[in-house]
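The following pair of complexes shares a single chain, chain A, combined with chain B in the former and chain C in the latter.
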Partner chain A sequence: MEYFVTEIDRDGTVAVDDTILIKDYETKAGSHILDGFVPLFSGDAVERLLGAGYAVRGKTHTGEFGLDIAGETSYHGVCRKADGTLSTAAAEAVAAGVVRQALCVDVNGAPRRGAALSGVDFLKPTYGTVSRYGIIPTACSGEQVGVCAGDAESVKELLAVIAGHDGKDGTSLPAASYDYTADKTIAGLKIAVVQEYYDAAADEIKARLDAYIASLKEADAEVTMISLPDAKAYATAWQIMLSAETCNNISRYDGVKFGYRTPTYKDIDELYVNSRTEGLGFTAKANVLYGSDVLSKNQYLRCYDKSLRIRRLASEKMKEVFAAYDAVLCPVMRTASVEAYDTADTFERTQQELLFTAVPSLTGIPAMVTGGVQLWSAAFGESTLLSIAKAMEGRADK
Partner chain B sequence: MTVEALKALESLNEFRLTETEEQKTMEIFAFMEQQAAALQNTDTEHVEVMVHCMPMTNVFREDVREQVFSREALLAGAPEHSEDSWIVPRLVK
Partner chain C sequence: MKYEVVMGLETHVELETKSKIFCSCGGHSEADQPNDCVCPACCGMPGMLPVTNKHAVELAVKAGIMLNCHINQYATFDKKSYYYPDLPCAYQITQWFHPICTDGYVEVPTKYGTSRIGIKQIHMEEDAGKLVHDDWADVSYVDFNRTSVPLIEIVSRPDFRSAEEVLNYLEKLKAMFRFGGISECEEGAMRCDVNISICPEGSEELGVRSEIKNMSSLTAIERAIKYEVARHIDALERHTETLVQETRRWDDIKNRTFAMRNKETAADYRYFPDPNLMPIVVDDEWLASIREHMPATIEEKTAEYTDMGLSAQDIASLVSERKLCDIFDAVVADGRKPGDTAAWILTDCAGILRRSGKVIGELNIAPDDLSYIIGAVDEGKINRNVGKKVLSAVIEKGVSPEQYIKEQALDAKVDESLLLETVQKVLATETKAVGDYLGGKTKALQSLFGSCMKALRGKGDPAVIRELLEKEIEKLR
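Right, the complex of A and B next:
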């Protein structure tokens, strides 16, 4: 199993996905267009973990710019599980015990799906609590660095290290640091299960949710079914915003200042076009094209502006939900495994999965994957998620 | 979406697709058109746009340089460069 695109320190206990810069180590974000790009500085999250005495084992493969389902679009190597199905390299490295923890950028939910596929935990914290300085940007308004680990305590440990204000990131929130606990009592917690997500999941995932709900009830949590009638609209809105932001961010790769340059060109126009044609993968190109379409005069109001308004609706809906409930429990994926698929289906497949992962990206709330299911809380509710995860992991171990 | 409009988008974004990729992209646009049409059923008439998911106003930092890279270091990452410049084909014909 090839986990690392770049090996750094065999004694290191943390993996860093190849979307996060580490000074002096080539960083490619799963794309041919970044071949040869060696950053001059490290991401803030990496600086914090190195400063706390952690060592980085290596940089794990990621899907191209984090746009795919579970890392399958990487130019440099796709991670497959022993049975040939897909998962992310970071989650597989944690599951195999090659590293204790991993930092991953959650752009469209791939690290969350990878955690579920490999049977480990992943927490995407509240937007702005972990600096995005020094990550390869794709969808800046929703992407966030999160932590993958084998259990909730290990997630909490590394999250506490990397979270905190960073003046170099304009979207970084003001708190200098965050105190997380995984030891809150879960008896009496009110947990909502969303009917629309439950109904959209395959039977195997429904069974997993049913078992998790039964465990929560045994632990004296109160579980209630609720409805999010606009769930599909939230997923479409995030796909539109994701493509629009990807279009803007990918425009910087031109074969001139860094990264890949085509060997075949006669003039500057051919240099740009051939470098980008050869350097970008199909999923990235499709997102760029759709993104430029939704930002065009004809589609802007109907698609992009509409999505920004739906983001507010989703945010207000979540405030309403979390005024009544401590957490939301839902699937993170439609099925329990992912097979390779035709790239023509890339948006259709992604849209099926975004149904379950879009809301935290769109609204900035934290999301945690544990035991193959997903938990959401209100902004800054990470301790609630960690505590539920730890309590349920404790029950599963008995 | 027509093939001509798609080619215009390719040109705008400075890359080309193969014929097969263009066919796949047309299918993707057709699928997303259905999604965008369904989006119109969500009433947003009195809803303000939300650009940032977390509140952000006047995000400034002190106007102090903290990280300075030498010209040599910045050029080192370029696919082709001279001692003091990036090398590109002639721009003025």
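Right, the complex of A and C next:
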């Protein structure tokens, strides 16, 4: 099984996905267009890992710019499980015990879906807690580095290492460090299940949620069904921002400065067009087109500006929800497995899956995948998520 | 028919900051080689993130205050997307939705009195890089030294009616910004787009507008305006062409404007707020502190110096350069007389600089050093001529005046007997000059005086020496 696009240190216990920069190691983010790009500096999260004595085993394959469902659009190779189905390389490397933990950039939920597919944990922390310095940028307003690991304690351990203020990132929050715990009491916690997400899931996922709800109740948590009537609008808003920001950020890959350059061009326009035509895959191109459209003069107010307003409404709605509940429980994807596909279908199917993962990206709240389900909390509620995950993992082990 | 010219200006001014607007690269003006002043951030390497230079924001706010603008306490940075090889990220960070300053004005002197030019807005943005074309090798090179240098763009209202107004406006901005420490406004650091249209005098309807892009010299701007006005009038009166709204560029060699290719101008810039940069919030406290530390205007300085009793000519020379005022103010604050200080700067310093082909604006002297020299002369420690000698050593060699006086033994306080001895020795040796003087050629005394000064190597009070000389030579009659 190929997990790594680049191997670094065979004794390393941590993997880093290939959208995170490590000085002097080629970084391609699953894209042909970044071939040969060797960064001059490491991501802040990587610096913190190395500073704390961790060694990096290697850089794992990722879908092109992390824009797909679970790594299927990588130019450099996809990661298949034993049964031939697909997962992200980072999650599989953790599941297979090749590494203890992995860092992954979560921008559209791919690492969360990967964790569910491989049966491991992934936590995307509150926006601004982990520096985004040194990651290949896509949608800057929602991307975060998260931690993938086999259990909640291991997630907590590494998250505490990488979280904290970084002056090189203008959106980094001021706290120098965070105290996380996975040992809060579960009894009495109020957990909301969102009807719209539950209904949209396939039966196998519904069954998984039902079992999780039953366990929570056994642990004396209070579970209530609630409604998010605008759930679809939240997902559309994030899709618009994700594509727009990604389109803008990846426009720097033009064949002029670094990465892939087409061998055939007559002038600068052809150099741009041919390099990008040959260097970008389908999903990236679809995002470029979609993103250009929603930012165009004619569409800006109707699409991008409206998405910014929906983001505010979603934040207000989530504040309301978390004033009444400690966490939200929902599916992370529609089904329990995906096939590899890299066609015109991908963009559409990714948009459909975004329904389940958009809100934490759009509003910056933390999201954790554990036991194949997804939990959200209010901003800075990571300890609540870790504690629920740990308690439920303990019950499953018995 | 008489026509009215209607013009508006977009003026880009480079801000005088120590580092670039979103990274810590130093001033590009000191770069010797292309791509000397670059880092992963201003080269657009993926993974870098911009962090706003607070000083740039302060300078933009100060410029806004100078131009009587409303300061927006909530401003945003936005991304403007377009492809060009000198733009490393394929987007420029600018202010599109919420600029830092809006709705101001500036008063511009003209032949007919004062015109008030409205300022629509001032926004901040980063500069792009520079392309260098090698036509022989058919290759273009990119230089990112200038990339991300902070700029403000001052957008005027269409209030200009003549080229004279435009030039006076630009001169006024330049003087204000240089004096206020906003921008050095050196060659190329101030660039201008002119929007121009023409209509019959008194007409309510505006004519077809053309925009002349990116001019950096006042003469080019003047000639371009004159050319465009003539072109528009020809089109209206003699139907030489049909005017269309378009962007044109000025060709300084061919002495005319050319329409730019539509492709270069028809871009949809797809503006949106930059999610990497938090909105700029200029809170009351910050704004108050900026207002409190506003540099004096040229008018305020002129009034201050008039009160000190300086001549109008000296004042004009001093306020022509902010740096001269700073030196002058510091020396006067140290207790030196304003009139004397002005003379030392504008006559003595200027003279020394002139010897090496420099102008007074290039004066680089620590106010403490100048004050020390003036003080030493005032106290009679050295005479004025020695003072000048010390001054040139300070300016040209950068020595410390105190140490120089000591090392060269220039101290004027010499023994009277040494002076007398020297005078007598000169009189004894230069018998011809003595004879000439006694014979009625009074000018000969000057040569004898010169010989005494030379023998004393500049030491001693010239007045005392002259007095001694006159007394001693009379004794020889």
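In this text, the second predicted complex is superposed on the first by the 396 of 398 C-alpha atoms of A that agree within 3 Å, B and C clash if a C-alpha of one lies under 4 Å from a C-alpha of the other, contacts with A are read in each partner's own complex, and residues count from 1 in each chain.
Definition applied: contacts are C-beta pairs under 8 Å (C-beta built on N, C-alpha and C of every residue); 3 or more make two chains touch, one makes a residue touch a chain.
All values derive from a computational prediction rather than experimental measurement.
A.B. asks: So, A:Ala55: does it touch chain B (first), chain C (second), both, or neither?
C.D. replies: Neither partner.
A.B. asks: State whether A:Ala207 touches chain B only (first), chain C only (second), both chains, or neither.
C.D. replies: Neither: A:Ala207 stays clear of chain B and chain C.
A.B. asks: Give one of first, second, both or neither to describe whether A:Ser292 is in contact with chain B, with chain C, with both, or with none.
C.D. replies: Touch status of A:Ser292: both partners.
A.B. asks: Looking at the overlay, does A:Val256 come into contact with chain B only (first), chain C only (second), both, or neither?
C.D. replies: A:Val256: touches chain B and chain C.
A.B. asks: Considering only the touch criterion stated at the top, classify A:Gly167 as touching first (chain B), second (chain C), both, or neither.
C.D. replies: both
A.B. asks: Of the partners chain B and chain C, which touch A:Val38 in the superposed model: first, second, both, neither?
C.D. replies: first
A.B. asks: Per the contact definition in the header, classify A:Leu280: touching chain B only (first), chain C only (second), both, or neither.
C.D. replies: Only chain B is touched by A:Leu280; chain C is not.
A.B. asks: Using the touch definition from the top, say if A:Gln351 reaches chain B (first), chain C (second), both or neither.
C.D. replies: first
A.B. asks: Under the stated touch criterion, name the partner, chain B or chain C, that contacts more residues in chain A.
C.D. replies: Of chain B and chain C, B contacts more residues of chain A.
A.B. asks: If you stack the two complexes on chain A, which partner ends up touching A:Glu245: first (chain B), second (chain C), both, or neither?
C.D. replies: second
A.B. asks: Common interface residues of chain A with chain B and chain C?
C.D. replies: 37, 40-41, 141, 167-168, 170-171, 251, 254, 256-258, 268, 272, 292, 308
A.B. asks: Which stretch or stretches of chain A touch chain B in the complex?
C.D. replies: 36-38, 40-41, 126-128, 141-142, 167-168, 170-171, 173, 230, 232-233, 236-237, 239-240, 247, 251, 254-261, 265-273, 276-277, 280, 282, 285-286, 288-290, 292-294, 299, 302-303, 305-313, 315, 342-344, 346-348, 351, 362-364, 379
A.B. asks: If you look only at chain C, which of its residues touch chain A in the complex?
C.D. replies: Residues in contact with chain A: 40, 43-52, 79, 81, 83, 85, 88-91, 142, 268, 270-273, 275-278.
A.B. asks: Over in the complex, which chain A residues touch chain C? Could you list them?
C.D. replies: Its residues touching chain C are 21, 34, 37, 39-41, 43, 132-137, 139-141, 167-171, 244-245, 248-249, 251-252, 254, 256-258, 268, 272, 292, 295-297, 300, 304, 308.
A.B. asks: Within their complex, state which residues of chain B touch chain A.
C.D. replies: Chain B reaches chain A through residues 1, 6, 9-10, 12-17, 21, 23-25, 27-29, 31-32, 35-36, 38-42, 44, 47-54, 56, 59, 61-62, 66-67, 69, 73-74, 76-80, 86, 88-91, 93.
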